[in-house]
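I've put the structures underneath this note.
Each of the next two complexes has subunit A plus one other chain: subunit B in the first, subunit C in the second.
This part shows the complex of A and B:
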């Protein structure tokens, strides 16, 4: 009897990457290597898996930010606090549910975590969660008006912020 | 025994894919992708390159390069995606899933546009359905999922992560079924998030004109395989 248990916070990227070359192919029955590779070439093209992996990478990037030390930028940038990292990961989950796609997650030079987006025609957006618990967004880009605002990262509904991103990126 | 196929009003499908593999790789793929985009741009305005990274490792060191091997076109809402590369033509519908008929009809429409551009016959057909299901945490997996890992007696039985990948032969029509089951990070308290991914692939004679009925047959099989894979208790959550 196998009892399923909830997945602890951990990186499944390594596990999922095993999809590329499952050991079963090495032992497979009647397929030649060429056949197996051809079959896999179709198998990889899932937008769902691509998005899952992308968010796993972003989550991992947020966790990795915890290893930065004070002055990591060559000046005196604070290290991201554990709270800002955890809130950043929770915010990533909400972003995923909202159907948005950030491009990267990096520590902030002011202390905290930044989630970046790339839009069309050079538009960019940044959601920043500071070490003091405050959060802000900025949508910018050469030739475009700059939109800025604050939000509560723990709010249940962030539709206003997400709609702003969708409409302006 | 053939499972009972039922209509699911809350189908857990997160992505449905139909794919053709071309008999011959494209020779001038950039031009083909460009022409194709011009013809579908009104419905699929978003275009992104599909890249492939290659890493070469030798005793002299390592080097890497990234190549653009295809193009991914998406509808404005991102729910419909068409991906082309040198050897494949792939359409997918992301959640919320509509119907097989709408997926197939859109695939057929786009293929009729792409086919004269790529000028290649079809060598393989694929139908892939990816489902996200929620299993009660702490419940015996044998009561929910019928293709599942087994842990030997004498080992701890509380499993917090799994990735199962199996390739099995489909006897009629001859093909392969790639089964992927994986656990994802928790989304609902008290439930384990799992993915059930069935990828059915069939090699066909490029002379064949019966490709559309083969797709319908693949659809029947994917329904049978889905209902055979889960217990009635799990399925009733999606009725």
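This part shows the complex of A and C:
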């Protein structure tokens, strides 16, 4: 179990597809790859892997935002700049380290990219990085107090913003 | 069927409270039936010129909500595969929005209102504008926090537009 969780999923799939056991398995005397389906099942059910996959998908969504064209909203929304996308991906990594779980990453009709969170009882939050490099957050929802602020997406420590999110979602 | 063209008609400034305002929404920004606020532009869509405010179609002059997807009302673009149509009701447009967070000396409040701005091939074209509550009907650029509140409200209140069910009789 520990060995499985310590390996990236693509490595597990590669190892399972190999005909012979690689050296790392030979070194673990109490472990064998007798039931590959069971291992895949473990990896898919693990919250660790679910989170890894989720953030991979979010990162890919941020990259995909680069393919949106001007007017993608059906009107005249600008496309996200490369800088806003790259800063969004960097911010995603910090969010992951902070233990938060965004729901989606999408282009913003104001120009830029946004990271969305869905909380309980209709609570919603957006972290938005604009094409001009500014960044802001908003936590809102019908019947709830609205919390807003600005932040520097390149700041090393975004604990204040992340704490607000985790406390108010 | 083509949307109603202006054909020399001037605008009709009177909106019935129950009139619907149709808005195109990209499928990419609908999550579990809910519109992500990132689909709504707030920074550039309030202006002293009502023609530059948030575009919608008023139901009084549409054959169907699908007019919003027809090229005559969508700047010549075919959006039928990438966008759907949603709506809000005129009487639900928010009134009395305040700067957020509240400021001690500010007693200003802002109202949203619908303004009819026909296009030559799309008579139903209208906009959602903002005015100071003391000067109804005079479009202004409200403070950023009021713009953001509108965006959050709009995304939360947009409802899917559907064709009326056929009468079983």
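We take it that the second predicted complex is superposed on the first by the 126 of 169 C-alpha atoms of A that agree within 3 Å, B and C clash if a C-alpha of one lies under 4 Å from a C-alpha of the other, contacts with A are read in each partner's own complex, and residues count from 1 in each chain.
Everything below uses one rule, namely that a contact is a pair of C-beta atoms (placed from the backbone, for glycine too) under 8 Å apart; a residue touches a chain by one contact, two chains touch by 3 or more.
Note that the structure is predicted; figures quoted are calculated from it, not measured.
Student: Going by the contact rule set out at the top, does A:163 touch subunit B (first), subunit C (second), both, or neither?
Tutor: neither
Student: Just to be sure I read the superposition right, which of the two partners does A:152 touch: subunit B = first, subunit C = second, or both, or neither?
Tutor: A:152 contacts neither subunit B nor subunit C.
Student: According to the stated criteria, A:138 is in contact with first (subunit B), second (subunit C), both, or neither; which is it?
Tutor: In the superposition, A:138 touches subunit C alone.
Student: So, does A:73 touch the first partner subunit B, the second partner subunit C, both, or neither?
Tutor: Second partner only.
Student: Per the overlay, which chain contacts more subunit A residues, subunit B or subunit C?
Tutor: B
Student: For A:49, using the defined touch cut-off, is the partner it touches subunit B, subunit C, both, or neither? Pick first, second, both or neither.
Tutor: first
Student: Please report the subunit A residues shared by its interface with subunit B and its interface with subunit C.
Tutor: Subunit A residues touching both partners: none found.
Student: Please name which positions on subunit A make contact with subunit C in the complex.
Tutor: Residues in contact with subunit C: 71-75, 77, 103-104, 106-111, 114, 116, 118, 124, 126, 128, 138, 140, 142, 146, 148.
Student: Where on subunit A does subunit B make contact in their complex?
Tutor: On the subunit A side, the touching residues are 1-10, 12, 15-16, 18-19, 22, 24-25, 28-31, 38-39, 41-43, 45-49, 52, 99.
Student: Can you list the residues on subunit B that touch subunit A in the complex?
Tutor: Touching subunit A from subunit B are residues 14-15, 17, 19, 21, 72, 78, 81, 83, 87-88, 90, 92, 94, 124, 126, 128, 130, 135-142, 144, 148-151, 157-161, 163, 165-167, 169, 176, 178, 180, 182-186, 191-194, 197, 199, 201.
Student: Any idea which subunit C residues touch subunit A in the complex?
Tutor: Touch residues, subunit C against subunit A: 24-26, 28-29, 31, 36-44, 55, 74-75, 77, 79, 82-83, 100-101, 145, 148-149, 152, 156.
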